[in-house]
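Naming follows writing order (A, B, C, D, E and F), and every chain is counted from residue 1.
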Amino acid sequence: MDFSTFNSAEQAHMSKVIEKKQMQDFLKMYANLVEKCFNSCVNDFTSKAVSTKEEQCIMHCTEKFIKHSERVGARFAEQNAEAMVAGQNQS
Amino acid sequence: MSFLGRGSASGSGINNDRIEMAITELDTVTDFFNRMVQSCHAKCISTRYAEGDLNKGESVCIDRCVAKFNDVQKKVGEKLQNRGASNNAGSGGSAFGTL
Amino acid sequence: MDFSTFNSAEQAHMSKVIEKKQMQDFLKMYANLVEKCFNSCVNDFTSKAVSTKEEQCIMHCTEKFIKHSERVGARFAEQNAEAMVAGQNQS
Amino acid sequence: MSFLGRGSASGSGINNDRIEMAITELDTVTDFFNRMVQSCHAKCISTRYAEGDLNKGESVCIDRCVAKFNDVQKKVGEKLQNRGASNNAGSGGSAFGTL
Amino acid sequence: MDFSTFNSAEQAHMSKVIEKKQMQDFLKMYANLVEKCFNSCVNDFTSKAVSTKEEQCIMHCTEKFIKHSERVGARFAEQNAEAMVAGQNQS
Amino acid sequence: MSFLGRGSASGSGINNDRIEMAITELDTVTDFFNRMVQSCHAKCISTRYAEGDLNKGESVCIDRCVAKFNDVQKKVGEKLQNRGASNNAGSGGSAFGTL
């Protein structure tokens, strides 16, 4: 996203907005991760303790999700950069 | 969140940052609770709906489900912190440019 | 949640916020319940009238969901209370 | 909801509570409508997508689905009122402390 | 919804609110449509190009969803109108 | 979005409409990205969770999934524009009365 046409007051304002949004996005991602890994990994309700096997599944699930998000983010950024270059060459 | 706008307008000694943080905390707890309700419903409640009461098996399952869900929350949180992922693995984080 | 460090203006403000949120949460829970019970109970589209059997399913679904939410809420509150006591004993 | 902030700033005879209630009503109807669209899509529309038009069976199904969804909304609403659950069975309600 | 009891400042305000909401609703519907049609139509990841068959599925999915939404909206509006008339006859 | 209220209160040369548009754009991109993450997770990641690393097959699948998801977004967008549906087929649009 390009905020270069914003004046300094607007840029400062957007910085605060983005900072707040990143915190909210992180919290949402965290909640999402708990829900997803719980749903995938926990299926035994004969005990109230998380088993070793379940715990391992949750650790893998969390790690994999983060790596997945990072890879999607990297590819997404590349494609956006390409699209921007293509757009500039056209005009 | 219109109330914040109003708060700052009245200027009656309200610290907006503190209020905003409290609201974020409230929203986070509510969201977490709602997801727990949904997940434990999916895990414990039969969708045949033969009766309106929770039966014994469902009740016990709910109690254990809440304990386990809380536990998973802690474990995921620790994992996120250890990984130092707290700041930049967030969804969308990499989608924003810098100012 | 602990608002004891808030001044009276802030507490009054938070009361209004919480009141508004509870109304919104209730409306969201209602919409959620309609969706969930409709999806679970209504499967016959040879008529536009809800059948007696479907209606009974919907009543049970609604009642069970409320009891489920209350039980989850009660256990959740207990665990939070325990966690708070544990936290105080540590410090 | 930034517009509310602006409303209160301009002070041009706008009753903020009335506006807020109207917005809540708008949001509620929109949310309800969107859920109806999703549910009836899941119930009536084949996901093979062999053509772009609604066929006869799908069209009839949609009409009945809307009628039934509305009916379920009424029945669930009555049940919630009868149970007197309107005030405190809400999701998250029990998760908040009192002030 | 009936805004006839609103004064002109309030009506002007609600117009802006509704206009903004319609834009947001459109963007949400668009995102929703992309997700739904992608999930239904794209299942082959041996290539990064969308196949002719997948593209056709996506076009049908999009068109059908819009027609579906319009039909649901039309029926919904009819029922609301009926409910309003029934309400007026009762009072 | 309380920041807007504050913005308009301070009046320090901030153009509220521009800020609002930037926020809408930000929210739209974030929402799009999150849906892409979810969809590609469902398509590419095995839920057995035998290990924490992405394996070769999953990695390749993610790369192609992102390309395809972006492509689907473009095609759906063009279809919506061609149909002139951009203005009034929106969810909920038909649920509102006119002022």
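Heads up, the rule we're going with is that a contact is a pair of C-beta atoms (placed from the backbone, for glycine too) under 8 Å apart; a residue touches a chain by one contact, two chains touch by 3 or more.
Not measured: the values here are computed from a predicted model.
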{"item": "Candidate from E-F, C-D or B-C with the same interface as A-F, over half of contact pairs in common", "value": "B-C"}
{"item": "Fitted rotation between chain B and its twin chain F in degrees, CA, nearest 5", "value": "120"}
{"item": "Label of the chain whose CA centroid is most distant from the centroid of chain B", "value": "E"}
{"item": "Centroid spacing, where centroids are CA-atom means, of chain B and chain D in whole angstrom", "value": "21"}
{"item": "Inter-centroid spacing, chain D versus chain A (mean Cα positions, whole Å)", "value": "28"}
{"item": "Centroid distance [mean C-alpha coordinates] between chain B and chain A, Å", "value": "16"}
{"item": "Residues within chain C bordering two or more other chains", "value": "1, 3, 14, 18, 20, 25, 41, 59, 62-63, 69, 73, 76"}
{"item": "Where chain D touches two or more other chains, by residue", "value": "1-2, 4-6, 9, 20, 26, 29-30, 33, 37, 44, 63, 65, 67, 91-92, 95-96"}
{"item": "Sites on chain C touched by chain B in the complex", "value": "1, 3, 6-7, 9-10, 13-14, 16-18, 20-21, 25, 40-41, 56-57, 59-65, 67-69, 71-73, 75-76, 79"}
{"item": "Complex contact set, residues of chain D against chain E", "value": "3, 7, 12-15, 18-19, 22-23, 25-26, 29-30, 33, 36-37, 40-41, 44-45, 47, 49-54, 58-59, 62-63, 65-67, 70"}
{"item": "Touch list for chain B against partner chain A, complex", "value": "20, 24, 28, 31-32, 35, 38-39, 42-44, 60-61, 63-65, 67-69, 71-73, 75-77, 79-80, 83, 85-87, 89-97, 99"}
{"item": "Sites on chain A touched by chain B in the complex", "value": "1-3, 11, 14-15, 18, 20-35, 37-39, 41-43, 45-50, 54-55, 58-59, 62-63, 66, 69-70, 73-74, 76-77"}
